Structures are given as structure tokens and as C-alpha cells.
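Below you'll find a set of structures to go through.
Paired with chain B in one complex and with chain C in the other, chain A is shared by the two complexes that follow.
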Partner chain A sequence: MELKVLSADDRRARVVLSDSSPAYANALRRAMIAEVPTLAIEDVIIYENTSPLYDEILAHRLGLVPIRTDLSRLNLREECSCGGEGCASCTLTLSLEAEGERMVYSHDLRSPDPEMTPMPGIPIVKLAEGQRLKLEAEAVLGRGREHAKWQAAVVGYKYYPEVEVLESCTACGDCVEVCPRGIMKLDGSRARAEEVERCILCRACVQECRENAIELRASDSRFIFTIESTGALPPLEVLRQACRCISKKAERMIALL
Partner chain B sequence: MYVCGACGREVELEEQHVRCAFCGYRVLYKPRPKVVKRVKAR
Partner chain C sequence: MLIPVRCFSCGAVVADKYEEFRRRVEQKENPKEVLDSLGVERYCCRRMLLSQGEFMESMHAKGP
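Moving on to the complex of A and B:
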């Protein structure tokens, strides 16, 4: 198995997984979506709410706000030494106080930890003049399989495209013309595909070719993953945690044998 | 405690009828009590 990072920043990453199988690729995808722990608001304690939104709607909106997570400093509640009661090592308590007239944003939630803050710029509720909002929110670690608010990333993969141009190519340029991604190039007497990672396997070039000189295949041993993080964890960290989770599950399996 | 729909003053409910003691308006609103409420963010 081999991994190659095509691009990565703090929100998105593209990674090629080679020498693998569809089953493994899908296991990895599912682990990234459903098994990576992240922080999300679970309980909201409302002291004052004269905003136009009901407490429940407000709490639901707050729950969906991604929170930057440092996994080394927090435990999952069910695995915490406090026994699931809630303590400083499994709960992050954020507070919010606002008075209208103004828009309340996710970054108005004050975090006691500068390393673990909500993603900024998400509108929560618009307050009119005199309307007040005062609340505390308890964020805990959870997994995407329990609720989508804990989903760390949106992950998809596609089969690696393999474009082969045969001897019979006459360099007519039709495939260059028709390719929606513009990856077909003329190279002397033959067409050639550049940056095949960008190919979407639409088969337009195959259909257009009069000489039937293009063969397009989707590899079932190489995959291009697109990982888009919610902002809770960097996308490559999501991948790392997913791998850790799969290996932990395998360990448990061995113990059962 | 209620709030009058016309003059906006705080009124106590009288025993005989629903009526603002200050202006006689008969629409009263029940304001939200100052109780701390805990809700699940789901």
C-alpha cells in the first residue's frame, strides 16, 4: 500500500491511495466520516433568550458549529475518568452573551481554551433592539456515527483514471476539443493525457475518437481521496485518526480470537 | 405576572376579569419566566 498527498491545507486534502482494494478504500472513507472523534456542543444551558428563535432551534444551530479540536487533551465522555458525568478533561464549556441589535455569530461563543475555538463567521441568530441572549454551551467529544454534528469531514474517493492512447491515434485533436477537464493534449503524432488525476471518467474522449484509439479504465487498486474537513481537525489528521481507529478495531478482533 | 398588550406595563391578573388595571385593555401577555433551561443540541 502506498499513500501520496496531492495537496493539503487546513481544510481540504487530496490523497492517492495505491496498491489497495475498493473494500479497504471504502473502510477508510467510512472510518473518516463516522469514527473520528471531534468536539461539538451537546448541552446548552439557556439563562436568557428573547431572540426570535426557540431554545431548541438555537441549541440545534449551536450543535452544528464545528469546534477546533485538540484530541490529545480531551477524552471521550464514556471513556473519561469521571465516568461520564462530565469534567474538565471531557467537556469544554463555552459561553455566549449578546444584546441586540446585531447578528450573533459562532465566534461570539467564548472558549476558555484558545486552542479549541468555534469556527468563526457562522451566523446563529439575528437579534433586534433590546433582545438578549445569554447561555452556556457544553461541548463534548463524539463520533459521526452518533450524530452528524460530530462528523469530522466530508470524504469521497474515486477510482484512479487510466487513459491509454493506442498506436492508431491520428492526432486529429477531437479528444482535446471535447474533454471537459482539458487534460487531453496533442504531443506530436499522438494525443496524450496530462494530469490524469483531474479526469472525471466521463468517456467523452472515447466516444469522440473515430479511430477508437483511446482506452479509458478506472483502476480498482488506486483511489483518489478528497477529504474536506469541517474545520475541527486538519484533513490529514482526520485520515491519521481514521487509520488509528481501524487498527484499534483490528486489535480488538485479534483479542477475540 | 402579565404584560399589557396596549400600555406594556406589568399587571397582576384580577380575580373577576382579564383586564389591565391601568388602561383597561383586555389582551395580556405572559412573559417568559427567568428559569434556567437546559436543552440538548440535537
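Moving on to the complex of A and C:
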């Protein structure tokens, strides 16, 4: 099994997984979505709320805000030495105080830790003149399988496209014309596919070819993953953590057997 | 009322892009191009921004 990174920045990554199987690719996808721990607000203590939103709607909006997470410094609450009561090594307490007239944003939540801050720019509620908001929010680690607010990334994969142009190609250019992604190119006496990763397997070229000279296959051992982080962890870190989760689960399975 | 924080279908954060989206669309930019430049690719996330109705101010009128 092999992983190759096509492109990666702090929000998105494209990765090719080779020498694998559809079952493993899907396990990896599901692990990235549902098993990677991230921080999200779980409990909100509201001291004052004269905003137009009910307390529970406000708390729900706060919960969905992603918080940049440093996994090396926090424990899952149920695995923490405090026994699930909540302490500094499993809880991050944020505070918010605002008075109208203004829009309250996610970056108005003050975090005691400069490394673990809420993702900025998310509107929470708009306060009219004289309306006040004062609250404390406790963020804890959790997994996407429990609640979507802990989902670390939006992940999808597709089968790696294999485009083969046979000898019988006459370089008529019909496939070049019809390809919606523009990856078919004429190269002398034959058509050729460039940047096959962009192919969407629509088969338009196969249907258009009068000589039946194009063969299009979807590989079942190579996959292109698109990982879009919600902002809590960088996308490649999500992938790394997902691999760790899978190997931990495999170890537990062996122990059970 | 207020833009939902995340996309209902896929869970990607969309709320942080809403204010720029709205400002640029009000300046007569084509919504398709604005969504493309903001990196909102999937149609589930695009409908979140496109179909948003804003009536927070009318809530203020009835508030305390």
C-alpha cells in the first residue's frame, strides 16, 4: 500500500492511495470522517442572553464552530485521568462577552490557549442596541461518529481513471471536442489523455469514438482522495490520525481473537 | 435567519464565507463565480449560501 500527496495546503489535500482495495479505501474515508478526535464546544454556561436567539440555538451554533486542536496536549474526556469530571488536560474553557449593536463572531470567543482558537469569521448572532451576551463554553475532544460537530473533514474518493487509446485511433479529434474536463489531447497520429486525475469517468470519449479506439477503466486498486478539513486539524494530519485509528482498531481485534 | 454554521449534508463550514458572498453578490457579481472563487465546490454547500434568506433585523424589532 502506498500514499502519494498530489497537493496539500492548510484546508484541502488530494492524495492517491495505490495497491489497495475499495474496502480499505472506504474504511479510511470513514475513519477520517467519524474517528478522528477534534475539539468542539460541548457545554455552554449562559450568564446573560438578551439576543434574539434562544439559549439552546445559540449553544448549538457555538458547538458547530471548529476549534484548532493540538491532539498532543489534550485527552478524550472518557480516557482522562480526571475520570470524566473535566480538568485542564481534557477541557478548554472559552469565554464570550458582547454588547450590541454589533454582530458577534466566532473569533469573539476568547481562548486561554493561543494554539487552540476557534476558526475566525463565523457569524454567531447579531445583537441590537442594548442587547447583551455573556457566556462560558467548555470545549472537549470528541469523534464525528457521536456528533457532526466533531467531524474533522469532508472526505471523498474516486477510482483512479485509466484511459487507453488503441492502435486503431485515427486522430479525428472527436474525443478532444467532447471531453468535459478537456483532458484528451491530439498527439500526432493518436489521441492521448493528459492529467488523468481530472477525468470524471463520464465515458463521453468512449461513446463518441467511431473506431472504438478508447478504453476507459476505473482502477479498483488505486483511489484519489479529496480531504477538505473543517479547520480543526490540517488535512494531512486528519489522514495520519485516521491511519492511527484503524491500526488501533486492528490491534484490538487481534487481542479479541 | 442566520446562515447555518455548517452545510446540512456534508458538514463543511460555510458560515465564514457568507458575508463575503453576500457583499460581492450585492455588487452585481455573478453568484456562480463568487462561489467558485470562494472554493465552495459541492452543490450541497452551494445551496446553503444561495438559498439563504436574511431576516435577523426583523427579529430585533420584536425583541426585549
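We take it that the second predicted complex is superposed on the first by the 257 of 257 C-alpha atoms of A that agree within 3 Å, B and C clash if a C-alpha of one lies under 4 Å from a C-alpha of the other, contacts with A are read in each partner's own complex, and residues count from 1 in each chain.
Going forward, contacts are C-beta pairs under 8 Å (C-beta built on N, C-alpha and C of every residue); 3 or more make two chains touch, one makes a residue touch a chain.
All values reported here derive from a predicted model rather than from experimental measurement.
S.K.: After superposition on the shared chain, which partner residues are touched by A:Leu186: those of chain B (first), chain C (second), both, or neither?
M.R.: neither
S.K.: Would you mind checking which one, chain B or chain C, touches more residues on chain A?
M.R.: In the superposed model, C touches more residues of chain A.
S.K.: Tell me the contact category for A:Ile41 with respect to chain B and chain C: first, second, both or neither.
M.R.: First partner only.
S.K.: Could you say whether A:Pro120 touches chain B, chain C, both of them, or neither, answering first, second, both or neither?
M.R.: A:Pro120 sits against chain C, while chain B stays out of touch.
S.K.: For A:Pro52, decide between first (touching chain B), second (touching chain C), both and neither.
M.R.: The second partner, chain C, only.
S.K.: Please work out whether A:Gly231 is in contact with chain B alone, chain C alone, both, or neither, and reply first, second, both or neither.
M.R.: second
S.K.: I'd like to know which partner A:His147 touches here: chain B for first, chain C for second, both or neither.
M.R.: first
S.K.: So which positions on chain A get touched by both chain B and chain C?
M.R.: Correct list for chain A: 50, 149.
S.K.: Which residues of chain C touch chain A in their complex?
M.R.: Result: residues 2-3, 5-6, 10-13, 15-16, 18-19, 39, 56-57, 59-60, 62-64 of chain C touch chain A.
S.K.: Using the touch definition from the top, list the residues of chain A that touch chain C in their complex.
M.R.: 11-12, 50-53, 61, 64-66, 106, 119-126, 128, 131, 144, 148-149, 151, 154, 228, 230-231
S.K.: Which residues of chain B touch chain A once you look at their complex with the stated criterion?
M.R.: My answer: residues 32, 34, 36-42.
S.K.: Can you list the chain A residues touching chain B in their complex?
M.R.: It comes out as residues 40-50, 55-56, 59-60, 62-63, 137, 147, 149.
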